Structures are given as C-alpha cells and as structure tokens.
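Working notes, beginning with the structure itself.
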C-alpha cells in the first residue's frame, strides 16, 4: 500500500471550490510535485496535509493511519515554508534544534544531530548566526535543515525556491534533489515553475482549478499530456485546428492543407492538434507551408514564428550551427505523426 | 520639498516658545532660593527639592502613583495580549465590535469615568482603596496598551507560528517560545505608554482617590487649588525630569514618533 | 472537533478583556445613567426613583445653559486656535531636515507625556498680576496695567490650547506623512507658485487630518477638567468642574450623573458624527 494517500480530498470556501476531489498515492521515498498556476489549489492541498487547513471532505492516510485525526503538531511532517519562517530571535543552531527540543531529545544528542543537519545543507559554519544576517539562499537551507533534523516521515515544501534568483534557484534545485535522495525521504513540493517540477520530481501532479489534470512522471506528462491544459502548461506547444477523416484503422489528419496519417482514435470531423515547437522541422518539400515572420535568437536556441494557413506556428531549433530559414522566407513545416496529439472538437 | 522661509521659522520659534514656556517656568521656579513664589534671580537652590522629603504626603503619593502605574500597565498588557492576538489573527463575528469596544474609553470623558467609578466603588465597597484605583486605571490605559500590542501582533507572520507547530510545539509553547519574544518590543512600549498615562492621570482619579490612598497628580491638583508655592513647582519639576528620562528611553526603545503618531512614514 | 476549537479561539482569547469591560465599563456607565434618573434631597439623600426631573431641571435652568454654553464656546475657540497654530506648525516641521525635524517633533509632542497638572501649573505661574506674562507685556509697553488672565476665560483658552495643540499637530502630521512629495513637485514643475501649491494641492489633502484633529481637540476641550479647574477657579465653571462640584461638594449625585450623561452623549455624537462626515466627504479622494 502506498505511503501517503490522499483520497478524494476537497476544500470549499463557501461557493468556491479550492480543491476538488483530489486523489493521490505517494510511495515511500518518492518526490512528488504539485504543479499549477496560482489559485489551482496546490498550496491548499499542502496545507491540508500539514494540518493548517481543514478539508471539507475526503481522507488523508499516512502509513495506513488516519492523518486527519492527528493535530498538526503530532503529524511528524517537516515543512519548508515559502517565507522560510525562521525564528528571528533564535540563532541558526537554536532554530534547527527547536523541533528536537519539542520532542524532548537530550541536549548532547540534540547538538550532534543539529551539527549533522547543518553539515548536510552546507551551513556548518553558520550555527551561531542570526537569520537576519543571512542571505535568502542560506535562510532557505536553514529552513530545510530544521525540517529534516526531526527525521520527518514526509517533507513538505511550499514554493521554497521562488524567492531566489534564477542562478541560485538552479543550484538549489540540484542540491534539494540530492539531499532528498541521500536521506531517502518522501517529499511533496508545491511550485508554479514547470522546469523546476520536471527537474526535481519522480512524478508531477498537474493541477488546474482544484483538479488534478494529470499525475505522471515528467517525461510522460510532457510527451503525452492528458489535456490541452497540461500540454500548454508544461513547456510550449502549438494548438492548431485540423480536420480528421477516419477510415477503419487509420485516420487522415489535415492541418492547413498538409496531411498526416495516424492510427484511428479520434472520430471524423473538426479537431485540434497539439505539437511541440521543438518537434517541428523544416522540410525541403511537402508539409505545412508558411512564411517565417520572426526569428529570435535565444543563445542555445532559435525561436521562429511561422505564419501558415493553420495559424501562427512556433518552431524551436537548436543552435547547432546549421542553416536556418530567415525572416520572410517560404518554408515547409513537418513533424512525425506520433509527435502530434489529436483531440476531437475545436479544442480550448 | 521647499525649505522653511524666515517667516515660517519665526512662527516655529514662537510655537516652540509657547509649548515650552509653562514647563520651563515650573522648572525655573522650582530652583528659587526664596521662600516664596519667585524666579531664581539670585541664584539656584535645591531647598524646595529638599523640602519635598519633608512632605510625606507627596512622597507617599509618589509611591502610590508608581505602584499604581506599574500594576495597571502590567494588567492592561496582560489583558491586551490575548485580545490583540484574537483581533490580529482571526476573522470572526463581532471582531469590529470588539475593536470598537476596547477603544471606547477614549471617547468617554474622564469626568464621567470618575463619577461612574465613584458610584460603582461606593456600592461595591472598593471606595478609596488601592484595588479600586488599579481597576479604574486599567480600563483607562487599556486602549493605549492595546494599540501598541495590536500593531506588534498584526505584524507577526503566521507562517512562523505554523513552523513552530509543525515542529511539535503545543499552543502554549508556541506562544512562550516564539510569539511572545517576537512581540516583546511592542509589549514593552505598550507597557511604558500605559504606565505614563496612568501616572499622569488626574481627572478620573480625583473622584476615586481617598486622602490616604491618593496619587501624585491628584495631590498636586488639590494642593494647587488652595495655594501655589515653590514646593509644588519643585515636585512638578522632579516629575518633569523623570518624564523626560522616560521619553528618551521610549524613543530609543520604540521611537516616540511611532508611538504617538503611529506607523506611516513613506 | 478541531474545527470548533479554532472557531472558539478568538472568543476565548478576548474573554478576559470583554469580562473586564463588562464589569468595569458597561456596568458603571449603565449605573450612572440609572443614577441620573434618581432624585436627591438634602436630607433624604439619593432616592431610588426613576424620573427625568434632573434632565428637566438642566434644560430649564439658565444657569446650566450658561455653563454648557461656556464649555462649548471655549471648546470651539480652543479648536480654532489649535488649527491656526497647530496645522502650520506640523507643515513647518514636515519641511525640516533631520535631525531638526526629529528633535522638534519630540519637543512639540513630548509635553503630552507630562501631567496636565504640571503644565497647567506653569500657566498659573505665568498668569497672575505679577506673573511673567503680565510683566513681559508691561515691559514691552503693550499694556499699562496687568491683565486678568487667571480666573478668566482668556486664560482658560490659552492654557487649554497649549495642552491640546499637540493633538492637532499629530493629526495633521500623520496626514502629511501620507502625502506623496512627488505631487508637490509635479505642481511646481507645471509652474505653480509656492502659495498656490499650498492652497490648491497641499491643503485639500491635509484637510482630513485637520478635521479629525479638530474632532479630537474639541471633544477633549469640552471634557477638560484639570485645566479649567485650576485656571478658571470656582467661579468659572465648565461642565466637568460642575459635575465635580455636584458630586463632591453638593453631593447631588443624580444631578451630577445627569450632567455627565449629557456630556457623554454630546461627546459621542460629535466624535462619531463628525468622523462619519469626514470619512464620507474624503472617501473618494483616498479610495
């Protein structure tokens, strides 16, 4: 049985539904991310697991025991808050030792474990510092040490990296993943940053308006998005109108005049097609015709906007030094049929 | 922003003179070497300050005021803290009403408090007692204590308390180890402001004090009604000195502007 | 069960204060209101009846009209003076640089922490036929014979203005702090001379501060006790000193209570009423 189970968890505030029947089973040692735009219910879900928000309905079990019956202070969860929430009047060592004090751990043992925790996050030299004299990244690591030292059953992280600048964020992402792996701890991270989610997680829960649209590993969610929302939230995608003519086991999908053959799956009629910019290439002939309207340089990549009969298509090509079409050129876009997702109807 | 012209500075100088004049004159008269009301034109003397010691009435009244101030301030803070936490943290039915009620003593004339308490204490047997004084003063100074404690409580980050709870702290331990230390500066300033307000209070106290248990301002007030002499000026001057010292402490602790005017500097 | 516990929390937390106020505030005030309905006789003492006689006496006797009239007249004059000297002072302070601004703010607001009795004593010393004020005016040749300040309305007005002006300074200062200095600069850059900037830009924005300061000063002046008692003496009574008289000298507590009730009602009406007006009038300006 899974370690942490959310069973049809819901939270309503009057008329508004913040979390809608969320079900999730997390294995021990797994790193799961709740990903979505602000207001999608991810933080509310985390707070319900932590015990600071009461669910309207549903159940949470941890290690086969009902978590909702336990008051927050006895749940044994380590929490890293978005604002770090360090105790300003205590030193780093006192901050980290706090949880152990509450557990009644003896002083000698406490000091040993605090030292270990600080070494784990690379802050051994900062034990006597006060939080206000430290940088954001350092404070974040203190918060992490403080949460980990109590040997929690689950580690909860509420957008812990959102206050850091881009470079530091990337470094911290790697460190976080390393620490989580080395300590073998089950972790639940909340973020709105899809690159962060994809880099850190074993599985991602893509949330929208309180519902989980897809729960899958990053590559599956990216390559096989379960809905247009997931497709557009994870990475960039092109959504183009198409026409499907199904015939037995095959279907012909026409986009702006060009035809692809796929396995049948979608009924004949109007449809929409989603294809990632990096899966589109420039064909010598055939394919979807268009004119390059804009080509912008992004260091490792080129981003091209191509106007076609099916609308404006975004194409991303690696800056590998090879030739690329210029603005104003006539081009033909092509992609593999399996790189394209087809959904019935005109899509959203 | 434009600078102040000479006219403005003159106005300012006159205003300052106006503000300071009565206080300065009290201090000046206090140092007179003469045996009667006069300015110390012949030199300064401490005779009237020494005379205070010969007036046990004033000395007793001083200690009463001191203890009264300390007790009232402490009780007012003790009662304010839970209320401030309630107001700052929760949205509940009756929140606005509670805030208004706790600030209401400011709207009621001190005289009215005086007679209301006089009647109330007479009926309940607390008339003229120290306990009665304390109760009366606590009500009067509460709004001042509450205002400062509330500011501190509102500034608290809830997440820090959540962090403590998630680490296993009970409600009481969270309060004692985390919340209290963080609002302590606000508490201290609230205490000092409440103390000063209680110490200076005269109008209400005049009604409920008895000849045996009376405060210094009331004693001064009653004395002045009969005659004005350098003795009363010396007592006042001593008080003014203490107040100025308290003001400096308060300014260092909290900032006098912030205390009297509130936050809001751009 | 957890839900009800955190729902109850704010009520439990505020219980001590509410209890204290119920016992020490609501009860005595209610009792006072009731007391005002009793009657009093020289030999009978306070009688436990419920009549509006006291109020009828107050409203029908010119003696009381005179006192109420004096009280509110003085309060009005003091408020006017407080505006005239307090508001400009706040503006001048605001334009000072540090450290002067901080120092003078302390000097102006500091007296609020000193007992009213001490401050009024100072005026009692300054007034009086041989007091400094008279000596000064005489030596400047402005007057021939000493003026009567002590035990006069003029003296009361001056002393009360001194005591209460800092409240006006605080109020105007607070609203000046909320001003964006860029607005003034914008006006100047558009060619407005100093006086116009003051009149058309600064003043309208500072108005709410002036008005709420006026409400505070008026309410405090109307309820003032120690200053009118010391400077006004036994002859020139205001409502507060009259209440004192009735309670501690004449011992006609019911009448005193009736006067007090009227004073509270007037106070509350002024404060709440004018606050509403100010809020409504200026709500549009400050979102």
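As written, the chain order gives the labels A, B and C, with residue 1 at the start of each chain.
By definition in this document, a residue touches a chain if its C-beta (ideal position, glycine included) is under 8 Å from a C-beta of that chain, and two chains touch if they have at least 3 such contacts.
In this text, all values refer to a predicted model and were calculated from it rather than measured experimentally.
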| item | value |
| --- | --- |
| Longest centre-to-centre distance from subunit C, chain (CA-based) | A |
| Chain pair, most C-beta pairs within the contact cut-off | B-C |
| Chain occupying the middle, per Cα centroid | B |
| Chain centre separation (subunit B, subunit C; CA means) in Å | 17 |
| Interchain centroid distance [CA atoms averaged], subunit A/subunit C, Å | 61 |
| Gap in Å, rounded to a whole number, between the CA centres of subunit B and subunit A | 56 |
| Partner subunit B, residues of subunit C touching it in the complex | 7, 9-18, 20-21, 24-25, 27-29, 31-32, 35, 85, 88-89, 92-96, 102, 104-126, 132, 159, 162, 165-166, 170, 173-174, 177-181, 184, 194, 219, 222-223, 225-226, 229-230, 239-240, 243-244, 247-248, 253, 256-257, 260-261, 263-264, 267-268, 271-272 |
| Subunit A residues within the subunit B interface of the complex | 50-52, 72-75, 77-79, 81-83, 85-89, 98-99, 102-103, 146, 150 |
| Of all residues in subunit B, those that touch subunit C in their complex | 1-4, 8-9, 11-12, 15-16, 18-26, 29, 37, 39, 78-80, 82-83, 85-87, 89-90, 92, 95, 98, 101-102, 104-105, 107-120, 123, 135-136, 138-139, 142, 196, 199-200, 202-203, 206-207, 217, 220-221, 224-225, 228, 232-233, 236, 239-240, 243-244, 246-247, 251, 256-257, 260-262, 264-266 |
| Residues of subunit B that touch subunit A when the two form their complex | 157, 159-160, 162-170, 173, 177-178, 181-182 |
